[in-house]
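Heads up, the next two complexes both have subunit A, just with different partners, subunit B and then subunit C.
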Partner chain A sequence: MYEAIAFYLFSALTIGLFLITVMSKNVLYAMTSLAAGMVLISGFFFILGADFLGVVQLIVYVGAVMALYSFAMMFFDATRDIKEKNTPASLVFLLGGLSALVLVLMFAGPIHSEAIQALYPMHEGVGNAQDVGIVLFTKYLVPFEVAAVMLLVAMIAGIILAGKKMDQSLTKDTSVDDEDEILKQKDAK
Partner chain B sequence: MEVVSYKNVETFVQHLPEVTALGVWIKAIIILAVISAIAGFGTYVERKVLAFMQRRLGPMHVGPYGLLQIIADGIKLFTKEDIVPQNANRFIFMVAPVITAATAFIALAAVPVFPDFTIPEWIPVIGGTFVPSIASDLNVGILFVLGMMAAGLYGPLLAGMAQANKWGIIGAARTAIQFLSYEVVTGLSILAPIMIVGSLSFVDFNAAQAGGIANWLVWKQPVAFILFLIAGFAETNRTPFDLLEHEAEVVSGYATEYSGMRWGMFFIGEYANMITISVIAAIVFLGGYSTEGLGWLWIMLKIAFFFFLMLWVRAAWPHVRPDQLMWLCWKVLMPIAVINVVITGIVMMV
Partner chain C sequence: MIGLSHYLIVSAILFSIGLMGVLRRRNLLMLFFATEVMLNAVNIAFAAISHYYNDLTGQMFAFFIIAIAASEVAVGLGILIVLYKKHGSLDLDDLATMRG
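Moving on, here comes the complex of A and B:
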C-alpha cells in the first residue's frame, strides 16, 4: 500500500513540476521545478528497489542542473519574467503532439504484450552496485567505452575552447610588468 | 527465467529484532530533536572555542558561563520579524532555507547515529518497539548521504538568486563554483576506501575495520582521508572555504536578506551537515562504532573531535579566494585523488 501511495504521489508531483518547467516564464521557477522533478524521479528508483540507480540519478542531476543554473544566472534576471517571441502556435501544437504520441506508443508497447521480463535479474545477497557493474563491464562494455571516449572528446574540446587565456591571471594587474613597478606607482601617489 | 526480487537480503541484521515502521518513526523524531538541539549547542561551543583560542571569554553574561545564551538566541530568532524584501521572488525566497534544513536531516536518515535500543515494555503504546541505529539502512548509504548533502546546496543557490540583491547573487554564483569544484574531489577521494572495502554500506565499512586501531582505514588511505577532510570543509561551507557568506567581501552572501527563523534554518542545516561529515569521516576512516560496552562513547568522541577540528581550523586559517578554491580543487586535489585511486587499484590487483 505504501508503495502505491508513494508512486502516485511521486507521479503527480513529477508531472506537475515538469509542467511548471515548460510553462513558466520565470527562469527561477522553471529551473527549480526541473531540479525538484529530477530529484523526485530518483524516488521511483528507490520504490523499485534500485537504490544504486536512484542515488546516481540524484547525484548526476543535482550537479547537472546546478551547472544550468549558473548559465541562467549569467544570461537572465532571475527575479523578472522573460518575454518570449511568439512562434506559430499551430506548428508547436502539431510537433509537440506528434512527439508526445510517439513517446507514448514507444513506452506503452511492451505493456500490451505483458511479456516484460528482466533480462538481468538481481542476485540475492549481492548489492545493486555489483549487479550494475557486472552487466556494464560484460554485455555493455563497448557502449560503455564509446561513451567514455565521447566524454573525453567533449572534455578536451571544452578545455581547448575555454582555455585560450588560461595562463593569464584574472585577478592580477597585467598593465604593469612586475610587482615592483606597481609599488613604485603607489609610492609616487 | 527468474523472477526479479526487488529487495536485497539484509544479511548483516539477522541477529537484531525486526525493524517496524513505528521504530523508524521514533528514530526519525529522535534524530530531528537531538540533532537540532546539538546544532543549537554547537553555536555555543563554537563561540566558546573560538573565544579561548583568541584569549577571550566568549559569552559569559547569560546564565552560568553563558550557557543560557543558546536560549536567548533561540528566543531572538523565533520572535524576529520575518521579512521578505521587495522585488524578491517570494515563494523561492521562503522555500530556500527549508531545502537546506530538510536535506541535512534527510542525509542523516542513512547514517548510524546513536545506538539501537528496545523501548521498555511498561511504556504504553510504544513499549517493546525496537529502534534501529540507522533510520533507513540503504545498501548505498555513503552515496545517498553525499548526494543528499549535494542537493542541500540548492538552499544557498536559490536563496541568493531569489532575493534581488547583488551580494546575494554573488553568493549564489560562488555556491555553484564551490559545488562544481569540491564535488569531484569528495567522490574521488572516498572511492579508494570504497574499493578496499568493496561496499557502499556504512555497516560493511564498520565491520571491515573491527578489531582495534591497527585496522582503521586511515592507515591504509591517509591521502584519501586528508582529501576527504578538505572537501568536507568545502561541503559544509566552513572556513577556509566559506566563500558563500564571506563577511569581509560579500556582506553575508546568500543570507544577506534573511532574518529570524529563516536565517536560523540555514544554520541548523549547516551544523547538521557538520555532524554528518564528522560521522562519515569517523565511520569510513577512523573505525566507526562497536556495539559492545562503551563502543558508542568512542564514536561520539571521534565525532566530537572532527567537530572541534572544524572550529580549530576556523580559528587558525584565513579565508581563501574563489579562484584559489578552484585552483586547489581542480589542479591539486583532483589529480592527487585520481593518482590515489589508480595506485589503490594497482596494489589491490597485484
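Moving on, here comes the complex of A and C:
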C-alpha cells in the first residue's frame, strides 16, 4: 500500500521535473529540477531495497555532479534565457518515441524471462551494503579498479582542460593582457 | 501491487524524455542535462530488475554507470569551458565550423 503510494508519487514528480529540465529555457531552472529529480530517483532505489545504491546516488549525483554543474555555470551567463532554434516538437516526439520503441524491441525481444537465473543472489538477513561489498570486491574487483583509474584520468583531464589560463578573466581579457605586458616589460628591465 | 513492469514503464518514459531533450536541444549544457536524465532512467531499470530477480548484478552495473557518468561530467564540463572561452557561446549552430 505505502509502496504503491510512494511509487506513484515519485514517478509523477520525477517525470514532471525531468520534463521541466528538458523543456525549460532557463539554465538555472533546468539544473534545479534535475537535482530534485535525482533526489527522487534515489527514493526509487530505497523502495527497491538497494540502500547502498540510493546513498551513492545521493552522494555522487546530487552532491558531486550537481555541484560541478553549478560551479561550471559560473562561467556561463546563467540568468539569461537561452535562445535556441529548436526543431519542431512534433517531429521530435515522433522520432524519439519511434527510436525508443525500436530500442526496447531490439533489447527486450530476445530475452526469455523465465530462463533468467540469479548469478549473485541476495542473502536473507544480510544487509544490502554487505552483499554489495562482497560481490563488488570479489567478482567485480577488476572493473572496480579500472573504474578507479578512469576516474583519476577524468580528474586530470578536467583539471587540465578547465584550469588552463584560469588566472585570466573571461570578461576582462584586455586588461589582463596589459598587466602581462607590464610584467614582461619589468622582467626585461 | 507494484510489479517489475511498472518500474520498466517509468524508466522507459524517463528515457524517452531524455532522448527528446537530446534531439530537441541546441545548447550544449542542456544536452548534458538530457544525457543525465537518460542515464538515470537506465539506472532505475537496472535496480528494479535486480530487485525482482533477486540478483545483485543489476546494482553492480548501476554503480559502474554512476562512475562513468561522473567522469563524463568532469571531462565534458572542461571541454565546455574551453569551448566557451574560444567561441563565447555554447550553441551548436554557432559551433558548427565544418559545414561543407
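In this text, the second predicted complex is superposed on the first by the 111 of 189 C-alpha atoms of A that agree within 3 Å, B and C clash if a C-alpha of one lies under 4 Å from a C-alpha of the other, contacts with A are read in each partner's own complex, and residues count from 1 in each chain.
Everything that follows uses one rule, which is that contacts are C-beta pairs under 8 Å (C-beta built on N, C-alpha and C of every residue); 3 or more make two chains touch, one makes a residue touch a chain.
These numbers were taken from a predicted model, which means no experiment stands behind them.
Touch criterion met: A:Val39 reaches subunit B, while subunit C stays clear of it.
Shared-chain residue A:Tyr140: touches subunit C; no touch with subunit B.
Taking subunit A as the reference chain, the count of touched residues is higher for C when subunit B and subunit C are set side by side. Of the two partner chains placed by superposition, only subunit C is touched by A:Gly96; subunit B is not. Contacts of A:Ala30 after superposition on the shared chain: subunit C is touched, whereas subunit B is not.
When both complexes are overlaid on chain A, the residue A:Pro121 reaches subunit B and subunit C alike.
In the superposition on chain A, contact is made by A:Leu151 with subunit C only, not with subunit B.
Looking at the shared chain after the overlay, A:Gly49 reaches both subunit B and subunit C. Of the residues of subunit A, those at positions 48-49, 52, 56, 69, 73, 118, 121-122, 170 touch subunit B in one of the two structures and subunit C in the other.
Residue ranges of subunit A in contact with subunit C, taken from their complex: 3-4, 7, 11, 14-15, 18-19, 21-22, 27, 30-31, 34, 37-38, 41, 44-45, 48-50, 52-53, 56-57, 60-61, 64-65, 68-69, 72-73, 75-76, 82, 84-87, 89, 92-93, 95-97, 99-100, 104, 116, 118-122, 131-132, 135-136, 140, 143, 147, 150-151, 153-155, 157-162, 164-165, 170.
Remark: subunit A residues 26, 28-29, 32, 35, 39, 48-49, 51-52, 55-56, 58-59, 62-63, 66-67, 69-70, 73, 78-79, 117-118, 121-122, 124-129, 170-171 touch subunit B in the complex. Considering their complex, residues 1-2, 6-7, 10, 12-21, 23-27, 29-30, 32-34, 36-37, 40, 43-44, 47-48, 50-51, 53-57, 59-60, 62-64, 66-75, 77-82, 84-85, 90-91, 93 of subunit C touch subunit A.
Those residues of subunit B whose C-beta lies close enough to touch subunit A in the complex are 1-9, 11, 87-89, 91-92, 138-140, 143-144, 146-148, 150-151, 153-154, 157-158, 161-162, 164, 169, 172-173, 176-177, 179-180, 183, 187, 199-201, 321, 323.
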